[in-house]
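Note that subunit A is present in both complexes that follow, paired respectively with subunit B and with subunit C.
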Partner chain A sequence: MIEALFIYLATVCVICAVLTVSLRQPVYNVLALLTMFFHVAGLYVLLNAEFLAVVQIIVYAGAILVLYLFVLMLLNVRTQSRHLHRQWPFAVLILGSVTAMLVGALQDGTWGVASGEYTAAAIQEIGNTQAIGLRLYTDYLLPFEVASLVLLVAMIGAIVLTKKGLIDDHIKE
Partner chain B sequence: MEIGSMVAVTLVQIAVVMGVVLLTVAYMTYAERKVLSFMQDRLGPMEVGPWGLLQPIADGLKLFFKEDIIPSGANKIIFAVAPIICLVPALIGFAVIPYNGSFTLFGLEGGGVISDLNVGLLYIFAVAGMGAYGVILGGWASNSKYAFLGGLRSAAQIISYELAMGFSIVGVLLLSGSLSLVTVTEAQAGTWFGFIPQWNIFLQPVAFVAYVIAAVAETNRLPFDMPEAESELVAGFFTEYSGMRFSLFFLAEYGNMILVSCLASILFLGGYKAPLPILEFIPGFVWLALKTWALLFFFIWIRGTYPRVRFDQLMKFGWKVLIPVTLANLLVTALGVYIYNN
Partner chain C sequence: MREFFVTTEFVPTDYLPVLIFFLIAGGFGFVTMIAGRFVRPQVSYREKLLPYECGAPPISDARQPFPMRYYIIAMLFVLFDIEAVFMYPWAVVFNQIGLYGLVEMLLFITILVIGYVYAWGKGALEWD
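So, the complex of A and B:
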């Protein structure tokens, strides 16, 4: 049962990921990505990580992708032509190294065996959300806060970029 | 319990909950027309059945037999799928709504909820966010300026007010220490001094007000019904829809209203818990229904009272008032819980 579900979810994930980058109509790309997010969430549920699954949907499907769709429609992008971005060599480089890393990790043999103090049974007992919360806010508090700081910096950067004219005027004054 | 009877119990629960929700949607439209009429010194629907009580059924039949029109130049697939994307999230959210304490019926045990997910609250937020896709895609696929603008407005509004809604309930989560709606309800059992029910509304009044405002905005209701402002956009994102597809959008809007009202009763008003111990002989689902209907009446009431706000006022209010207020409330609640626990 679980294996059948996994095969279904993984297959749809891969197909939708390919469709996301290969379909011509931008709105279809977004919809393919949305379908993929849902199936990734399904994979998390199979791994007993309900919290992660729901957060995946809230953050990626519910917030980020809606914004993508919103901007896409506001700008009314309708590209009918296919073209390679000029940065494609970098893309190939990154893709190649990630693939190499994954293949290496798979051949290592420790895949799926390593388990820390939070085994499936332990998580079942204290609850998935509680386990993540405890771990995040006791052992990984600093990295967590640093990550939020990085996001804040990116946000301010985006505001500065969009308000560029305003800030230049302000400096002139 | 063996797997067969478990499946049977769940299916019966789903059927009953869906039946009640759809019936409530039907009679919510009737209640809305009647209440608005009374507020405007009119009688409202009176012809079909006694006091017009069969009006929703007549309306449903009418919509069912209407011609289904797809505008030329519309994106046919997305146009057809959008109402479904809109309706499904509004209905599957009810899967985690606890409508009663656990009970036994015909020798079978029922939990009083279809599925007690331990991330129930987040689940509702996750599926509710999907409704926005139906609205945006419906507006986009219609190939009409009115529908398109309505869809975009709706998207902006839903994204903005979802944040405030999320922040306003975090305080409740801090108080009850769980994301499961059953646990949240059970945490509100009992009374203070014997006559004040231990509901979260008394501990989180600011959050309750913020939640209700955000809920009205989320469901695109007056005074925040910018996405379907008649005077500007005809009917907003579903301008081009007719017949059954139109009624699916309609069902989704009312289903969402019932869902956010149910959620408000569970989070702030004690859900299926009776307000006083002497009233506990009345079954839990009656209490939940009463509280939900009170909130639904409130929805109609403000529709009959307030004029529509402007779009920039709506955005300004959401981002510059509601979100800071809910954040401040969250900070105060967190401090309060910390001090209380130590």
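So, the complex of A and C:
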């Protein structure tokens, strides 16, 4: 049952990822990406990472996708963007090297051996979100506060860029 | 193949209702579309195939660049959405970390409020 679900989710993820970069209509690309985000969330559920699955849907499927849609609308992308597909030799090169790297890493026998305090049984005991909370707000306090600074920088950066009207001017040209 | 499934001993059975829900929802959409294909009359003319715009005839292509202010609102939404995501794990363990947790979350929110005040002061939340 788990195997069947995993194979379904992984297959749809791969198909949607390919569709995201190969379809001609920009809106279809975004829809394929949305389908992929949901299936990745399903994979997280299979791995008992419930919090990550919900975050995947809230942040990626909810917010990041909206951002992509707006970029799409701002840049006024037309359907016939054939020139984008001329980059495929580079894509094949990068994909090939990353695949080779992953296959090489998987040859190592240590794959899938969980170690450390938070084993699957321990997380089942205290709860997925609680385990993240206990770690994040005690041992990883500094990265958590730095995250707020990163968000602040992104916020100010977005306002500075848009208020100068850089992209508006660019479209008018 | 076995070693890829790291946590096979903990099958997330709590999510079985979610799976069934998705199957019913997807199946309903699929079945109604197939059924509609057989039932509906197959008459098409130009007006019927136009995009539906609440009765008004469409005047141009729908794919037009949107004003910049939509983007800034979307960007701010993403950032505050991520801020909210950090609050879920904090809220569930609040009883265990207590005052320490409250102070660090206040610091986190204060830093983001600076951004909010900046956005407000710069007029990024204004609609014109």
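In this section, the second predicted complex is superposed on the first by the 135 of 173 C-alpha atoms of A that agree within 3 Å, B and C clash if a C-alpha of one lies under 4 Å from a C-alpha of the other, contacts with A are read in each partner's own complex, and residues count from 1 in each chain.
Note that a contact is a pair of C-beta atoms (placed from the backbone, for glycine too) under 8 Å apart; a residue touches a chain by one contact, two chains touch by 3 or more.
Keep in mind the model is a prediction, meaning the values are calculated, not measured.
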Partner chain in contact with A:Phe6 - subunit B first, subunit C second, else both or neither: second
Which superposed partner A:Leu34 touches (first subunit B, second subunit C, both, neither): first
First (subunit B), second (subunit C), both or neither touched by A:Leu67: both
Contacts of A:Gly127 with subunit B and subunit C, given as first, second, both or neither: both
Subunit B versus subunit C as contact partner of A:Leu102, first or second or both or neither: neither
Touching partner for A:Tyr137 - first (subunit B), second (subunit C), both, neither: second
Partner chain(s) touched by A:Ile57 [first = subunit B, second = subunit C, both, neither]: first
Greater subunit A contact set [subunit C / subunit B]: C
On subunit A, the residue positions that both subunit B and subunit C contact, one per complex: 50-51, 54-55, 58, 62-63, 66-67, 70, 73-74, 127, 129
Subunit B contact footprint on subunit A (complex, rising order): 27, 31, 34, 50-51, 54-55, 57-58, 61-63, 66-67, 69-70, 73-74, 127-129
Subunit A partner contacts - residues on subunit C that touch it in the complex: 1, 3-12, 15, 18-19, 63-72, 74-79, 81-86, 88-90, 92-93, 96-97, 100-101, 104-105, 107-109, 111-112, 114-116, 118-119, 122-124
Touching residues on subunit A, where the partner in the complex is subunit C: 1-3, 5-6, 45-48, 50-51, 54-55, 58-59, 62-64, 66-67, 70-71, 73-78, 111-112, 114, 120-121, 124, 127, 129-130, 132-134, 136-138, 141, 144-145, 147-149, 151-152, 154-156, 158-159, 162-163, 165, 167-168, 171
Residue ranges of subunit B touching subunit A (in the complex, touch as defined): 78, 117-119, 122-123, 125-127, 129-130, 132-133, 136-137, 140, 148, 151-152, 155-156, 158-159, 162, 179
